[in-house]
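So, here's a batch of structures to check.
You will see two complexes here that share chain A, one where it goes with chain B and one where it goes with chain C.
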Partner chain A sequence: MNRIILGIVLLFLLIFPVFNLPYLNTFLIILFMYILLAESYDILGGYTGYINMGHIAFFGIGAYTFGLLWNTGLSLYLSFLAGTLAAVVFAILISFPLFRLQGAYFSLAAFALVKLMEHLTLNLSSITHGSDGLKVLEGNRMIPMYYLSLLLVVAVVVVSFLITRSRFGLAMASVREEEEIAFDFGVPVQRIKTTAMVISASFAGLMGSFYTWYTIFINPSMVFGTEMALMPIAMAMLGGSGVIIGPVIGAVFLLIVEETLWTRFAYLHTAAYGLVILLVGLFMPGGLVRLRPVRRFLIRVGLFKEL
Partner chain B sequence: MEIAIQLVIAGILQGGLYALAAFGLSLIFGVSNVLNLAHGEFLMLGGLFCFLIFSATGLNPFLIGLMILPFAFFLGYIFDRFLMRPLAGKKEHIRLMSSILVTLGAALCIGDVTSFLAGAEEKGVDYSMPSFFWGDLYISYLRLLAMVMIAGLTVGIHYYLKKTYTGRALRATTQNIRGAMLVGVDTSRIRSVTFGIGSMLASIAGVFYVVLLSISPDMGLTVTIKYLCIIVLGGLGSLIGSLVGGVILGLTESIVSYYNPHWGQTAAFLILVLILLIRPKGLFGK
Partner chain C sequence: MLVVQELSKTFGGLTALSGIDFQVEQGSITGIIGPNGAGKTTMFNLISGTFLPTSGSIRFKGRDITRIKSDKVCRIGMSRTYQNARPFEALSVLQNVLIGISYGRKDRPNIKRAESEAMDILRFLDLERHAPVLADQLSPLNKKRLELARALGTQPELLLLDEIAAGLIPSETLEMMEVIKQIRSRGTTILMIEHIMKAVMDLSDRVIVLNYGVKIAEGKPQEVSSNPKVIEAYLGEEVEEKGEETP
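Let's turn to the complex of A and B:
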């Protein structure tokens, strides 16, 4: 049952560009980007329980590294690789000091890193062009970007699925439930957390590179902005953190709500959007997918994979 | 030398302003373990109402600040009563996520409704007082007054927490919520009261903001993040920590900004990250 549904959805998305609907195509690219960010955030946030409010830093670092290197004349694929690697290296570097922190300290220190990156990109304007932003070679990349980001979304979902079925995934869940006991039972806690962060960062970094390539122009607030940082996390939590399908549903739901409000109402769409987030948080703790009817339906079709 | 002293004074004032709003956030986190992302909105609302009443009546802005305190308390109280209390019984991990969603949603909502009703432009109260020279030092009465008031408030909060029943119940709830319940503290009422107090302190800070700097409806999240950083820097739930954290950040900003205005904020976040690396639970955290 679940294979049939996923197959149909995937097939539809694969042939979608044939219909030649640029507006919806662009919308789907943005949607894929948010799904990817929410889902890759959840690899760390949902399974190990470390709420990484600095996830967008990986995205931004990937975006800037790609743009700067590609502008120097490095080949496209090497630049994508470099963007990903930069995010991974950054994740490894910060994982050792950051994982000494716990709970809210961890979240906020990670968030401070995003703000630090934003200010650094603004101030190191001899390299990053500061608030003027970074431009790369122009070109219409809608169709290739569509397939690349779709591919990346499929990849992150598959990786999440493999994680939930592995020993590694179990170790992550044990860190989330009782870190000290997990440590006493011989789970290499630090290594598990670092690995989770690296996987999470590599996807975000690659997506960042794609994003620069696609939009042609980026500036610090586009990739490190406060709302940009908080939205993927809100999506993951809203859909259901720790369930594979959760962040996907959260991203789809929130983005459709935002798009509808934005096109229907000239004013107050942010307020309505905030209200939706608030109401979900208040009445559906655990996210949309843990709501009883939704959960029952998802279990029946075999899409409710939780760790 | 004069410049150095001038910078230190500016930094301490800025830090005191930070600390004032951070106190409230710190108290709220201590009692309820909630990272209140809507805290900056209370600050913005305090400043905004001060601005509106000042524009209509021309009263002394600090007097207006005093007048709106009960409303600020009420706002914080009902915020907790209707938005945070329903989450209190949930599991720890779920509650943390829900509280982030609820406070983030509220922050977006309040900010947007305010900019719709009151206009999105920056607002400041045009209220000045004379200034004087003390030796070679240029000192403005307004800033001096603000500093004295912030110092007075800090002492006041300290005594409130140490000497009154509510204050002591509040600290008991922070230290051990079950223990506090066992000795008969109504912890959910204490939580609502704490939100009220937090909102009051934020609105006072908002009044200082609108008089000394300026406010705008979309400033909420930005200042909230800064205050969250300050209480993390000082150690969550520690009052003296918020004060020291605020002053460290204020001083860093004012001194670095003097040499290069762009690097002030950068240096502040750098200091925060560095301090956390050395002391994972903040300066005064347990």
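Let's turn to the complex of A and C:
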């Protein structure tokens, strides 16, 4: 059952550009990007329980690294690779100090890193052009971007699925449940957390690179803004953290709401993510997918995979 | 098998344990008793590598493990249960045991073999039908059994049981004692903290008594229970209370 549903959805998305609907195409690209960010955030947040409010830093670092290197004449593929690697290296570096913290302290310290990156990119204007932003070569990249982002979404979902079935995933969940006890039973806690963060960061970094390539122009607030930082968390929490399909549902739901509200109330969506995190945390801590009827339905069709 | 020498631990100005010496023979059951706050759980935390001792040494299987942390100690062959059962609550019973098997040993069995081993352990502890159930759904008795199962998954040569019978009703305690005997007869050495006297006295080959962080007595259960120091510190009150209760 789940294979049939996933097959149909995937087939539909694969042939969608044939219909030549530019608005919806753009909408889907943005949606894929959001799904990817929420889902990759959840590899760390949902399975090891570390709410990484700094996830978007990986995205932004990927975006800037790609843009800067591509502008120097480096080949496109190497620039994508460099954007991804930069995020990975950053993840490894910050994992040592950050993972000495737990709970809200971890989240806030991670969030501070995003603001730090925002200020750095704003003020190191000789490299990043500060608030003027960074431009890259123009070009119509609608179709390749569509398929690349779709590919990445499929990849992150597949990776999440493989994690839930592996020994590594089991160790991640044990860290989430009782970190000290996991350690007593031989789980290499630090290594598990760092690995989870690296996987999470690599997707965000690659997506960041694509984003620059696609939008042609980025500035600090586009990639390191508070709204961007809160978005993946709001989506994952709303959909249901720790369930593979949770962040996907959260992203679809929130983006559709945002698109419809945006046309009516110009600035409401800027407050939306904080509000969603607050309300979901208070009234629906399990997210949409753990609401009883939704959960029952998802289990019936075989799409409720959690760890 | 386990040799503890001059073991001390202070937390700031508070001395939790001072100058503890004792040995655990291979294949034996050793009981640790003592009033609340005597330092029993602290001692477990030192032996298992959760805390580092302030001074003294711990040798296990002839190897100095004084400064070795709990993840390695577990792989060397020592595992434990916790005073308040602390399973991984959102994971299934089977997954809980799998973690012990997959990470707590030197050999790293593949998932299939690990699963069949986990099922064997669950069958032994009568938890088989709960295998897919989430750990937080279990009854107190089954949570204790799960703690035991998770520890057994690491194939320990020395098993530390921290009040495994606490909070159980008498019939469950008897059942648990039977299980502990069986584990020992399979060749696992056991060191147990216990408050329920019947359990300690019936099971233990030797008993160590702690009070205010100091070892005040050690010996066979009968010797210890007739030791005046022990009676003064601990058992005396119990005997008097019991005397009043039975007319």
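Some points to look at:
We adopt the following convention: the second predicted complex is superposed on the first by the 287 of 307 C-alpha atoms of A that agree within 3 Å, B and C clash if a C-alpha of one lies under 4 Å from a C-alpha of the other, contacts with A are read in each partner's own complex, and residues count from 1 in each chain.
In the analysis below, a contact is a pair of C-beta atoms (placed from the backbone, for glycine too) under 8 Å apart; a residue touches a chain by one contact, two chains touch by 3 or more.
All figures in this text were calculated on a predicted structure; none of them were measured in a lab.
Shared-chain residue A:181: touches chain C; no touch with chain B. By the touch criterion stated above, A:277 is placed in contact with chain B alone, chain C being left untouched. Put simply, more of the residues of chain A are touched by B, taking chain B and chain C as the two choices. Once the two complexes are overlaid on the shared chain, A:138 sits clear of chain B and of chain C alike.
Of the two partner chains, chain C is the only one that A:173 touches; chain B does not reach it. Shared interface residues of chain A (contacting chain B in one complex, chain C in the other): 176.
Considering their complex, residues 49, 51, 97, 100-105, 107-109, 111-113, 115-116, 119-120, 122-123, 176, 226-227, 230, 233-234, 237-238, 241, 267-271, 273-282, 285-287 of chain A touch chain B.
Those residues of chain C whose C-beta lies close enough to touch chain A in the complex are 48, 50, 69-72, 74-75, 79-80, 82, 86-91, 95, 98-100, 102-105, 111, 150, 154. Listing the residues of chain A that touch chain C in their complex gives 166-167, 170-171, 173-174, 176-178, 180-189.
Of all the residues in chain B, the ones that touch chain A in their complex are 29, 35, 83, 86-87, 90, 93-102, 104-113, 116, 221-222, 225, 228-229, 232, 236, 262-263, 265-266, 269-270, 272-273, 276-277, 280-282, 285.
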